[in-house]
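By written order: A, B, C and D. Residues from 1 in each chain.
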Amino acid sequence: MVETGKKIGWDRAEMAQKVAIDIPDGSYVNLGIGIPEMVADFVPEGRELIYQTENGLLGMGKVPEEGKEDRELVNAGKKCVTTIAGASYFHHADSFSMIRGGHIDVCVLGAMQVSEKGDLANWSTGAKNAIPAVGGAMDLVAGVKRIFVITQHVTKKGVPKIIEECTFPLTGKQVVESIYTDLAIIDVKKDGLFVREMGPNVDFDYLQKQTGVELNQYNK
Amino acid sequence: MINKIVKTPAIAVNDIHDGATVMIGGFGEAGSPIELIHALIDQGAKNLTVVSNNTGSGNIGLAALIEHKRVKKMICSFPRTANSTVFPELYNAGEIELELVPQGTLAERIRAGGAGIPAFYTPASVNTPLAEGKESRVFNGVEFVLEYGIKADFALVKSAKADRYGNLLYHATARNFGPIMCTASKTAIVQSKSIVEAGEIDPETVVTPGIFVQRVVEITNPAHESELVANQMKYPW
Amino acid sequence: MINKIVKTPAIAVNDIHDGATVMIGGFGEAGSPIELIHALIDQGAKNLTVVSNNTGSGNIGLAALIEHKRVKKMICSFPRTANSTVFPELYNAGEIELELVPQGTLAERIRAGGAGIPAFYTPASVNTPLAEGKESRVFNGVEFVLEYGIKADFALVKSAKADRYGNLLYHATARNFGPIMCTASKTAIVQSKSIVEAGEIDPETVVTPGIFVQRVVEITNPAHESELVANQMKYPW
Amino acid sequence: MVETGKKIGWDRAEMAQKVAIDIPDGSYVNLGIGIPEMVADFVPEGRELIYQTENGLLGMGKVPEEGKEDRELVNAGKKCVTTIAGASYFHHADSFSMIRGGHIDVCVLGAMQVSEKGDLANWSTGAKNAIPAVGGAMDLVAGVKRIFVITQHVTKKGVPKIIEECTFPLTGKQVVESIYTDLAIIDVKKDGLFVREMGPNVDFDYLQKQTGVELNQYNK
């Protein structure tokens, strides 16, 4: 039972922080567009992560100071960024060699749907008049060692995003390792989805009701 | 003396023919060769197949080329931008074809085209709608899809520094598709912010060796796509 | 703090295990990581599969590794040199295996290994003995042969400049196989003539981004293979 | 009939010169090891050729002055070279992208045997105890637009090298465009081998006797 009136679950910053804690020191990381980008703000003290952006930069730094933007120094979301000391530029084929070749340790992506098996749908609703646009998502899920998803637990209309089988076109099959939502952290295991942690004022029954597939608890 | 420098964008794009396949560099605004694209609009070639990661912004550059119905087909990974309705409208009206390709596969197909590799296998898109109808094959228990190299008649690319041999340096993430597109096209046409004497570019730092470039035109003050879009400019103006 | 610098070649090659696949950079003398190879000889790993363009000169470097019977199999394009009898003797005695690969195919197979491409088609070797037993396929009327990516457990590579992240610059034609071997190996071990502070290497000029490198050791005065051979040196000395 | 006592045919330098004359201005050229390297010495005045060496250099220059050699700046034959202003270095995969991708205009190679159809054998005699070594030859003949062969017309033992079918293992099939020997320049055409030019004191009958396959004359 979840009490009303209290804040339920985590806000976006807290979600990003949960992801950040799970990325080991020294990792090479690709952050998707949107909430995933916030992960960079919460790297625990003492850890050094190297950010790759698939449009040709390894060693992406912070957002530039106002007035110091370079329109041709951007991330995959086409926002202006900076470089760290020790950065490098490369062309697109080399960039995706890093990705496809398994050299990136962690990729954090948004999701429309995630299935019980770790299938991810995050590029198209399959709707008739939608312009299909895939970008680098399929290459990332196929090549990066660990895929973390960060997403609201349900859609704005309250429909579960974590479900038995994705109904939207897939980005990749059996690719997601863990799902970080506003309500919980859920690991994708061979024998199902396991809840690792729940947000403030979230209990298992409440979480299960917001989820389209049966959840499991560790040690139960 | 080998000299690939031409005087104007108009001369540089003069022989792009109707029906040509044209690769256009750029990732959004970064690396987009706007002046060359505008020269191509002026030149008039139509029924083009364009290979480019995106479909342009506003009503300038690649979006303007599409808006003027010069493009029969787009081969790209992300034909959506927040600030352009040009492609979506033509696409939904059935007036432009789209071949949607995952970004890494697009990059590798272009590289393969330039490297004499007719086809290769990639894990990207397996088990997705983008692999439908494609050959697949299992290596060591993992499924891959067969993808083909892409070649083009022309490439339009933006560089930061060039010399008469066509050696190129790029600026930051404007590099993106430029180097591989130069390799995959019969005639690579480059607009460069500066042109220097042969030998001024350190051989250790050359990104695109001149062998891959056929024409270079100096554009010292290229337009900023985002500024043009913000000012609601439409090409031709 | 990420710091890939290790103090000695011995530490750098410490965990190369018996039976490992080891890529060794160099085209003849240029780019050959002699100090790392000698450390590997001292370390003792055997039954190695070595991927390298040549088979070494005289009785030092790669030739010495082979002479000490540490190498079970060579994958290379040109196992002949004017001044080494080490490989030919073992080969003719049936004591070392050889997989002969055209040089461009070798390079592309290494690149593919590093780029997550399991296999690709190339026109090289079609209609020759080196294509025998290999799958072939016709694309647009031309025959190609299917070749597979190569990965390795370790790479030994020589660079000119490095930083703690493993970013590398090379010197002249010593670059050759180094960059692609770093991408194709789980653990790329680099001996560098100098190590500089992070940020001293211009991001526009980095040849091997640090992500592909696991260990760097500074060797400020590497031996010259041709001098050692001319002086009839034998390793270990 | 060829008169005795007179010099018959061309020497190596003259052969190299004949090749050099046939390489158009502005060409990108790869020169094989040995006699082919001499071609660079005979480029006609006013022409600029760019030399690629497959070990990672475009814009190879002359042999360095003595004492100025850099042991890590070498050509495919592992000899020390220099660079021209406007040169570039690249790794082996990029180098063979140039070659395989059809970006090199002309490659000049030596030969053990050339067949009537333009098949080339230049890497192995197939002998039992020979160590097979192929280098970049197969990639070059498969990828470069025009393959010129420069070779003695017969072996040291007087055996014809231009023959109906190669008996040695092939480097590539139907790849040679023209053959430059000490006795003649011969073009490989669909309907046979055509003699374009004969060396000093060589006549057609003599040439035919030194050749293992029927030769044709242009305009006959």
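By definition in this document, a residue touches a chain if its C-beta (ideal position, glycine included) is under 8 Å from a C-beta of that chain, and two chains touch if they have at least 3 such contacts.
Just so you know, these numbers come straight off a predicted model, no measurement behind them.
Novice: Pick the pair with more C-beta contacts: B-D or C-D?
Specialist: Of B-D and C-D, more C-beta pairs in contact link C-D.
Novice: So, what's the distance in Å between the C-alpha centres of subunit D and subunit A?
Specialist: 56
Novice: In angstrom, rounded to a whole number, how far apart do the mean CA points of subunit B and subunit D lie?
Specialist: A distance of 37 Å separates the two centres.
Novice: Centroid of subunit C to centroid of subunit D, CA atoms only: how many Å?
Specialist: So the centroids are 29 Å from each other.
Novice: If I count partner chains per residue in subunit A, which residues reach a count of at least 2?
Specialist: 57, 89-90, 93, 96, 99-100, 142-143
Novice: Enumerate the residues of subunit B that touch no fewer than two other chains.
Specialist: 108, 111, 115-117, 122-123, 170-172, 204, 207, in rising order.
Novice: Who touches whom among the chains?
Specialist: Chains touch in the following pairs: A-B, A-C, B-C, B-D, C-D.
Novice: Of all residues in subunit D, which touch subunit C in the complex?
Specialist: Touch residues, subunit D against subunit C: 53-57, 70-74, 78, 89-93, 95-96, 99-100, 124, 126, 129, 131-139, 142-143, 169-173.
Novice: Can you list the residues on subunit C that touch subunit D in the complex?
Specialist: 27-31, 53, 77-80, 87-88, 91-92, 98, 100-108, 110-111, 122-130, 170-180, 207, 224-226
Novice: Touching residues of subunit C toward subunit B in the complex: what are they?
Specialist: Residue positions touching the partner: 108, 112, 115-123, 139-140, 142, 144, 148, 169-172, 202, 204-205, 207.
Novice: Given the complex with subunit B, which residues does subunit D contribute to the contact?
Specialist: Subunit D reaches subunit B through residues 26, 28, 48, 50, 52, 57-59, 83-90, 93-94, 96-104, 142-143.
Novice: Okay, in this complex, where on subunit B does subunit D touch?
Specialist: Result: residues 1-2, 111, 113-117, 163-165, 167, 183, 197-199, 201, 203-204, 206, 209-212 of subunit B touch subunit D.
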